[in-house]
Amino acid sequence: MKLILAVLQDKDSNRLADALSGKDFKTTKLSTTGGFLKEGNTTLMIGCNDESVDEALDIIRDNCSQREQMVAPISPMGGNADSYIPKPINVEVGGATVFVLPVDSFFQF
Amino acid sequence: MKLILAVLQDKDSNRLADALSGKDFKTTKLSTTGGFLKEGNTTLMIGCNDESVDEALDIIRDNCSQREQMVAPISPMGGNADSYIPKPINVEVGGATVFVLPVDSFFQF
Amino acid sequence: MKLILAVLQDKDSNRLADALSGKDFKTTKLSTTGGFLKEGNTTLMIGCNDESVDEALDIIRDNCSQREQMVAPISPMGGNADSYIPKPINVEVGGATVFVLPVDSFFQF
């Protein structure tokens, strides 16, 4: 038995939780803020058998890897809005920091 | 030293925290949502000596085991309320998912 | 790799998080309540290399140790406010409960 703690961006957490539960992984979401990742983030606790760790990691990697995203920049305030042509910019989104912890024993009551 | 992480239903968390502190266990409550259990849930972190793990588990089992509860169903909306006789139904409540984690070292400052 | 879980008072958490990030430690803050410490508290998760554990512990000790603080007592309600001279009192603040957990493996995606 292992306990996986995955810290990821809020925006990726529902997709990841759905992908994990679709493969019968049980997850619990902790409310967390700041630190490992720049934006608001979430920590998922995933309990899994030793032989399922690699599958869980694959699902995390597929759903949370850091990637680039084109976003429309906020238009500058007080500028000449008429002549302003927003140019999409590339930002890094996603990413996950993952700890796999050993478990001494596991119970369900 | 062990760190016990117990994921349980919100409704059981105060009773369990009280029962644990009555036996001098120290607990910290994490705000958590969804996953291991169907309803809103809470995660308790319990630090304890190796020789007290079994006592802590007994207290968790006694206060959080899955059990059946008779509840009055919600009366159907828009139905004929006069002729509606609510029949109590049995639902499963409670339950706990418990991980006992090894601890390398422990400090109090 | 180790995962340090430090439970501390809310009032110390920003100072500690800043001190840790100033030394390139990555932290994530969990919303927690009650238990190990009397007042509202916070749990910081700190991932660090084995050889950096002692440095992280020193930073936690320096920023969160239990200490005495002089506080002005709340003036008694309904009393004779004119003749009331508030006498500062000593209270214990701070303190941290710290678990260092072994980590099987660690990933960043």
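Letters A, B and C name the chains as they come in the text, with residue numbers starting at 1 for each one.
Convention: a contact is a pair of C-beta atoms (placed from the backbone, for glycine too) under 8 Å apart; a residue touches a chain by one contact, two chains touch by 3 or more.
In UniProt terms, the chains line up like this: A, B, C = Protein from nitrogen regulatory protein P-II (GLNB) family.
On a predicted model such as this, the values are computed, not experimentally measured, just so you know.
Interface chain B/chain C: under half of the residue numbers present appear on both copies, so the contact uses mostly different residues.
Remark: rotation between chain A and chain C after Cα superposition is 120° (nearest 5).
Computed centre separation for the pair chain B/chain C is 26 angstrom, with centres defined by C-alpha atoms. Residue numbers of chain B whose C-beta contacts span two or more other chains: 30-31, 101-102. Within the complex formed with chain C, the residues of chain A that make contact are 2, 5, 7, 30-36, 41, 43, 57, 60-61, 64-66, 94-102. Those residues of chain B lying in contact with chain C across their complex are 1, 3, 17, 21, 26-31, 45, 47, 101-109.
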